[in-house]
Each structure stands twice: as structure tokens, then as C-alpha cells.
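Below, chain A partners chain B and then partners chain C, in two separate complexes.
Then we have the complex of A and B:
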């Protein structure tokens, strides 16, 4: 026999109570792990999906709505802006790149994003431009000749099962004008993975067929100034217009992160309460178990066990319950985070690396075991101070 | 010093328990007591005469208020607690009235548990030795059973096996048959006496059971040993 074997037998001897305590610890740890993984995944999703364009020009309204819709494909689209705004920006000598974007309807939940091939251009200042994994880009630039070609983001292609040369349409009125898949993009970890890219002429034509509206609207224009010093002037110039707004994506992202910070603070407070409750539960379980076993503890002492040995056995049991709960909680937390992130991603939410392993897991396990030892300390002291002769007495 | 051939010697030993209000309750006052090595010494006494207190003091699980206790040449009252624990694990076997087996452990594990606290038996021999002792006590087929799956007589035999685990020269037994029916008590007592005689152990039993009183080599009366005990009616 070893103290570890005695602890194992004790855990087996109180199987239901031990299992419930392990489950309670595991639930608490799962909550912590899932919360941390999801908030970190959302934060990293926003960072990974952030645009390399410094300015977004759109219709007057909320800059947060504009950035969330155009960059992250969240929220409702802002009102349209005329094509002339894009042409003005393209002619502006301070602008290095201007990319028009129009947000359309969706096919099986994957939103149409109408743009030009400039959207995919690997400018040297871009961190990662979308790349093709199969096929080619759509080629229509002639407003009078829509080609009805589509390039699918990686997730959109995977979930819809569409491949190059496949044809698809949404709505009966579009049956005569199906889109043809000409290319599929590599995964980017951004909202582009869930988009179906089409050319602006195709978009406008589809709009005309389905809505009988012969307009050429845009949702926004992504702008990269030649010099950062021009950014302020461009921002101010477009914002004074009554029709347009110029949104700074970094400022909006900062605002989103501030909100995320508040959510994290609230979550932290909830998790702190959960941690205290779990620790108290573990403490009460161990305390009751030690009270029930005082006769056995006295017997071990009478057989020659040192006080430190019985103290160690109680601490070991408490630590073992915490460690088992911690391990189960880490696995459970990852499962919850996996489900949560896939649900979030399916609804277009930015979330990445939700299941990444790092310092979080060993640090959490260490903290849980430490907490378990702390919860077992008072019961262990009770065992340590057990008066042998008093508890050996017959019933 | 104690004379050669003395297993246990007490000199001027007193024990008083605090009552919590600053006063104490004296329960034991033994001027002089010697238990010779080898054989079975039975100490008889009524309930409350201090029998269990005397055994606990000899085992070193509690300390006297005053006086000296020498066990096989070692004055245990002078030992620090940790050394007294080790001495008890290796030199004294203790059989309790209510067996005091650990409910979560099998019979074999209960016997091996005692070896965990001593270094008398090499670790790799623990299992084999525990099995051999249980075999000797007729429990070879019950080694994997938990105390709850054993009869009371079997439980007390496991407790005897546990007391013998570290091959101590001195065995203390506190009312070993008090929780057993007459037939079972006879069998258990016979087994206890047999294994102690075979191995040349000193067996010190306290009891008020007529069956036990007649089984020892020497019979001492608590009323004569303990100045605080009321004389037997």
C-alpha cells in the first residue's frame, strides 16, 4: 500500500460523492476554459479579419455598423451610395487604392459580395490578400455585359458543396440567370471565407432582374491613402458631406474591443463567483469526508502513521479530485468552445483559434489543483489534529 | 532500566483528562507495573477502571500526565511524537474492540496498510506477507473482501493479522472478544493466542470477559494496578 493507493480506495469507496465533486469542479473549469477560449477567439477573429484599408466610405450613419457589415459581414448593410463616390475616390491623387463593395443577398446563408478584381490584388501593404485554391477570378468589368461568374470563399464552397463550373441561383426569378462558380479561395480565417464574390455588373444586373431597379448602387468603398498624413484630410473631407461618412476601421475595432473588455470583466466576476462556489463545494465534501473518517484516521495513527502522513492523504485526495475535475473541465471547456465557435462562425461571427492549446491549459490545471489543495487544507488540518485515543473509543 | 525479560514497565504513571473548566479528571495512577516478555498477560477490570487508557499509554497513542513507560527497553515517554509513531508502527501491534478496519480497503489491503507506516518489511514483500498471515488465520479465501463483506469474527481476525503485519514483539488487545458472540469469541481468542505463542510474542490483553480472563498465563487486576480504580465488587 501507498498513500496514493489509500486515496484511490477512498475515492472508490465514495464513488458517487467523488464523481459528483469531480463533475462540479469540471463544470466550473469548463465554464472558465470555454469563456476564455471564446472571448480570445472572438478578439483574435476581429484582429485576423481586420482590413488593411485605412478608411471606409459609406452612407451617413453608424461607423460601427458600416465597418462591421463591410469588413466582418455582420449587422445589416448601411444604405447605398452612388457609384460616383467610387469614381471620385479613384481620381483622387491622395488615394492609392479604392475598392468598391456592394453587399447583396445571400445564397444558403452566404452573402453575395460584389466588387472588382482589385479586392483580391496582392498590394505590398496587405497582410494577406485572398488567394485562389482552384479556378480563376471573375473577369467582367464591362457594366453592360454581366458574366454571372462567382468566386466562393473557402467555407462557402465547403458548406454549399459548390465547385468550379457548378451553376447556382437563389430565387425563381434568377433561374434563367444562374451564377457559375469560376474559382474558390483558400481559407483566410476572415469573413471572406463565408462570402460569395461576384462582379459589380453581375450584381447590378441581378438587382435589376429581381427588383426591377435600374440603379448601380454600392455599399461602400475601401480606401488606402498614398500617405498616412492624407488620412485625416480624407476622413474629415468625406465626413463633412451630408450623404457620406468616412469610418476608420481601427477606431471602430478599438470600440468593439472596449465593449469586449466590459463583457470580459463581467464574465470574470461571474467566473470568480463560480470558482468560489466550486472551491466551497470541494471544501465541504472533503470536510464531511474527514469528519466521517476520524475513526479511521485515528486507527491509522494508532498503527503508526505520522500526523504528516494523514495530512498528506487528505490533501492528496482533495488534489486528486481537483485534478480529475480540472482535466475533465479542460476537455469539456474545449468541447463547449468548439460548439460555441462553430455556432458563432455559422452566424457570421468572427472567431478563430478557439481550440488553440497554449499556456492556458497547464496554468488552469495548476490553479485548479492548487485550489483543491487549499480547499483540502482545513480538512487536512482536522485530520492532522485528530486526537487518537478519543476517536479510537468503541461506539 | 528494566530487568531483562520485561516487555513493559510503568513507573509512577498518572493520567488526568482536562474537563475544560480548568479542572482535570484523574483516571489513572499506576505506581509500578511490569509485564514480563513472552506469554499472555491479561488485565481484568470493570468498565471505567482505566484499562483502555492504560493500553493507549503503553501504545504511545496518548501520553501520561506524569511518569515513565518503558517498552522493550525503550522509554517511549521520552520520545518525540514522530519517533513514538515509528516505534509503535514497528514494535507494537494493536487489536481494538471494534476491529477498526478501513471500510474502503480489502482485508489484504488493511493488513498491508500497517506495513506502509513501518520499514520492517521490504515493500516488495508486503503483499506476500499479508497474504501469508491471513492464510495462517484461516482467511486465505477472503483476502479480497471488504470489511463489510466479512463476518464480525473474520473482521477481528483481519485486525489480528494487521497487528502482526510488522512482526512486533508486543501485541496489545483491548477487549478483543467484546463485540463477538461466545462461539466466535472462543475461536478468535484461540487464534490470537496461537499465533502469539508460535511467534513468541508478548500479548497484553485487557478485558472483563470471563473467557479471556481464563486464557492468559498471568492475570492482573486493574483494581490493584490503578490507585484511581474502584475496587471490584
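Then we have the complex of A and C:
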């Protein structure tokens, strides 16, 4: 009988115990894999969804709130700023592009974003300018003549089922202002996929307060300077004003990443403890199994099996349990990450596809098998040292 | 030797001669001094073109959040504006980091950048006009100015 056949018999002989050990290893590994994939997915989701504009001007307050709301459509909008701020920026010779943005309510959870056609302009420095997959952009730029046209992000169009030429509104009070879908955007992998874009004049007329106000409100202005070296001067110039703030979106995201890093460190500590617990469980199982089998081992030795063969059998069994658990855990971890990321994405969270294959999977499997062999080492030594005469003696 | 002569002729402030294997450190004062009125740079600073240099400054995150690109400035971009005026093109280095660079960003911390230096007017499709660039840059936190305990120094 070969050592592999012996290990197979051993595993079958303790089927329940072996299966439970495999499950324990699999649960530990899936926890590690799911945590790594999800934290990486969230980080990459933030990077993919980041804006190409370098500066965001908004009302005084938290830069994190301003950037998360305007770029990622999370959190509540910051207070309004007057349209004059946008006109000042447009006239500023240091500014290459200024795009006004006003955040509205939502239709079926998809936020209204009022802006101009400049929002969709494919500047050479833009990584992902939104492109139309059907229809056209809204037309109206005349403040007196809103045409209530809407351009839908890819997810917003797919999930609401709205198509070009459809008319819609949400809530009875908006019945007087139905929007007409004129275009649908291609997927961009950013928060734009979940937005409903309308023109500023439509927004001002739909908004009960701004309809009668003398000053037209905006939430923010996205700014790209002609020279990046002017960024600090622009940033300071707007920040020293008591009314406005200027936020560097990348700086805000890097601060978010710093916080995410703290969470990842805590998670790493928890995962390290989980790994130790699983390794100890494997060790205890293998140790007990070897103690129970000392008589069988002595018989094998009496029939001519070498000490090294006995050692190898125990190590092989421990490694096989770890490998089975590792494989199941990697599959399970990917399943948990897939469910987690789709739940997060459905709630509008920035997360990329978490199922990328790379070094993570082979390295994890290698580490689990090594840990399994390590856990089996002491029981294997116990088997190696089993004395034939002592354990074959009658009870 | 030829380089030293060139630097001296260009009026470049030469500090103590560095050993061949030591990376020369450039300061923002040197960069600002090298800018000409016609927006060209001196031959002295061009002598560092293609060479490995070290520059210390504050990070202004002007590129994507993976920090593959950022500006290095004499002045912190997000400080409390108590002390210094914002820097301009002459005191800004456009830094392209080496692959796999990761760092903990702190707006008020000084970072040490080491990489291949380039001086001279250039237009990048993504990041626009620049005069000073460092490519394949490695980034690490720099130790700040020395803090003295009262009593350690002789005092005025």
C-alpha cells in the first residue's frame, strides 16, 4: 500500500473529524481572501472613480464631505454657493476648465446632477470622460428656458428601465416638471453610472427655492488649472475666503485611504489570530489522530515500513487537509467577496470587480499548505519516534 | 571636473564636492535661482539632466490617488496658510513615481524624493507645462529640521 493510499484510508477512517478540519481551514482561508479582495476592491474603486479635475470649489465646510458628495455622490451635499463663483473661475486666466455642478434629489435612488455640457467634454487629460451610448446630451443653456431633458448614467438607465424619449418624475409635487430622457451614457466605472444628468436651468426651475431666488445656486465647481503649479495659489485664494472652500480631491481620497489603512491593520491583526487558531486546530486534530494510531504505526513499522515513511504519511495527511481546506477557502472567499462587492455596489459604494486573479491565490494556497505541514510536524515526529515493541505489546 | 567647471561658469552655487556615488541634493532655492526671465533654465541646472538627484519638499496631490504622479513644492498645499505664500512654477517639481510606490500621505510632512532629474520646458498631455521633473522617483519621509532643547545651545 502506498503512502498516498494510507493517507486516503486515514482520512476516510476519520471522515467526520477530517471533514470538520477541512471546513475549519476553509472558513479561515475564506475570511482572509474575502477581506483582502474587498478592501482592495474598495481602494481600487475609489481610484477608478476619482475625478480628473484637480480642485473642487464649494461652500465652507468639510473637504471630505464636498469631495465624497460631488465626486462619489455619497454623503449629503454641502450648502449652496452662488453662480457668481463659477463665473469668476471661468474668467480666471489660470483656469483651463471650470464645470459647475448642482446636486439635486434623486429618482429611485439615482441622484440628479445638474451641470453643463462641459461635464462631458473629452479633454486630453481626462481618463474617462462620459460618452453617449444612445441619444444626445441635453440642449438647454438659456436660464429662462429650461427644457427638462435628462441624460442617464448606464446603471441608472438599466435599473430604472428608462430609455430615450421616456418621460418621468418622482413624487406628486414634481408632476409639473416631468423630465424627458434624451440620452444614455456608456458605463464608466465611476459614480456617473448612477447619476441622472440635467441642465442647470432645468434644475433651477425644478427647485422650489431657486425658482424664486435672485441668486442661482450651485453645489460646487470642478476646476482644472492651465498649469498644475498654480494649484496651490488657487487653492489658497479660495480657501481664505469666509464663504468658500477649495478641496484637492486626491488629498481627500488619500486621507480616506489613511483611515482605510488603519482598518486594514486591525483586520490584519484579527486575520493573524484566525490563522493561529486554525493552525492550532489542525495541530490538535493531527496530534490526537497520531496518538490514536500509535498501535497501527507500530504494526506498519513491524511490517518493514521505514521511520521516514511513517513521518511522511502524517505530514502528507496534514498537508492534504490544509490543501483541501485552502482550495475550498479560496473558492469560498471569492464567493463572499463577490456577494459583498455586489451588495456594496448596489448601495452606490465605490468598489471594483473583486474577483481578479493574481499572486494572491497561489501565495495563499502555498502558505496554507506550508502551515498545514508545520502543524503536522510535531505529530509526525511523534509517529517517527513510535517504538514498535512498546506499542505492539498486549494490553 | 568638466561638470564642476560648467557649474562654476554658470554661476551655480557649488556646495562641498560630493563623492561620485553620493546622490546630489537639489534645493528649491537652487531651482528658483536657475529660472531665467525668458522661462528657460540655466545650464548649471541642466547639468543635472538625466542624473539621480534628491529633493525634499511637501507633496501636493495633483494627480491620481495612486500617487503615480504628484507635485513636490516648497510650501505645503493644505497648511493653515499662516506663514508662506504659495509657490509657483519655479518652486514646483513634477514627480513621476516608480511603479509600486506606496506611502502614507500627510499634507504637512516633508518627503524626500530620489529619481532621475529633468530640467527644461516640457508639455505633458496629462499634466501640462513643467520646468522641473523627477522620473522613476522613490519617495520616503524626510527627517525635518533639528529640534533643539533649551539649554542644549549656547543661545544669544
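What we mean here is this: the second predicted complex is superposed on the first by the 386 of 395 C-alpha atoms of A that agree within 3 Å, B and C clash if a C-alpha of one lies under 4 Å from a C-alpha of the other, contacts with A are read in each partner's own complex, and residues count from 1 in each chain.
In the analysis below, a residue touches a chain if its C-beta (ideal position, glycine included) is under 8 Å from a C-beta of that chain, and two chains touch if they have at least 3 such contacts.
Just so we're clear, the structure is a prediction, and the values are computed from it rather than from any experiment.
A.B. asks: In the overlaid three-chain picture, which partner chain does A:304 touch, first (chain B) or second (chain C), both, or neither?
C.D. replies: first
A.B. asks: May I ask you to decide whether A:392 touches chain B, chain C, both, or neither, giving the answer as first, second, both or neither?
C.D. replies: After superposition on chain A, A:392 lies in contact with chain B alone.
A.B. asks: With both complexes overlaid on chain A, does A:125 touch chain B (first), chain C (second), both or neither?
C.D. replies: The answer is second: A:125 touches chain C but not chain B.
A.B. asks: Could you look at A:227 and tell me whether it touches chain B, chain C, both or neither (first, second, both, neither)?
C.D. replies: Touch status of A:227: second partner only.
A.B. asks: Should A:53 be classified as contacting the first partner (chain B), the second (chain C), both, or neither?
C.D. replies: neither
A.B. asks: Give one of first, second, both or neither to describe whether A:6 is in contact with chain B, with chain C, with both, or with none.
C.D. replies: first
A.B. asks: Is A:296 contacted by the first partner chain B, the second partner chain C, both or neither?
C.D. replies: In the superposition, A:296 contacts chain B only.
A.B. asks: Could you list which residues of chain A make contact with chain B in one structure and with chain C in the other?
C.D. replies: Comparing the two interfaces on chain A, one with chain B and one with chain C, no residues are shared.
A.B. asks: So in the complex, the part of chain C that touches chain A is made up of which residues?
C.D. replies: Where chain C meets chain A, its residues are 60-67, 70-71, 73, 75, 77-78, 81, 86-89, 92, 94, 104-105, 107, 125-130.
A.B. asks: Going by the contact rule set out above, which residues of chain B touch chain A in the complex?
C.D. replies: That would be residues 52-53, 56, 59, 61-62, 81-82, 85-86, 88-90, 94, 96-98, 100-105, 109, 112-118, 126, 162, 166, 175, 178-179 of chain B.
A.B. asks: Under the touch definition given earlier, write down the residues of chain A that touch chain C in their complex.
C.D. replies: 46-47, 50, 54, 124-125, 127, 226-233, 235-236, 239-240, 248, 250-251, 253-255, 257-258, 261
A.B. asks: State the interface residues of chain A toward chain B in the complex, per the touch definition above.
C.D. replies: Per the touch definition, chain A meets chain B at residues 1-3, 5-6, 9-10, 12-14, 295-296, 298-307, 309, 388-389, 392-395.
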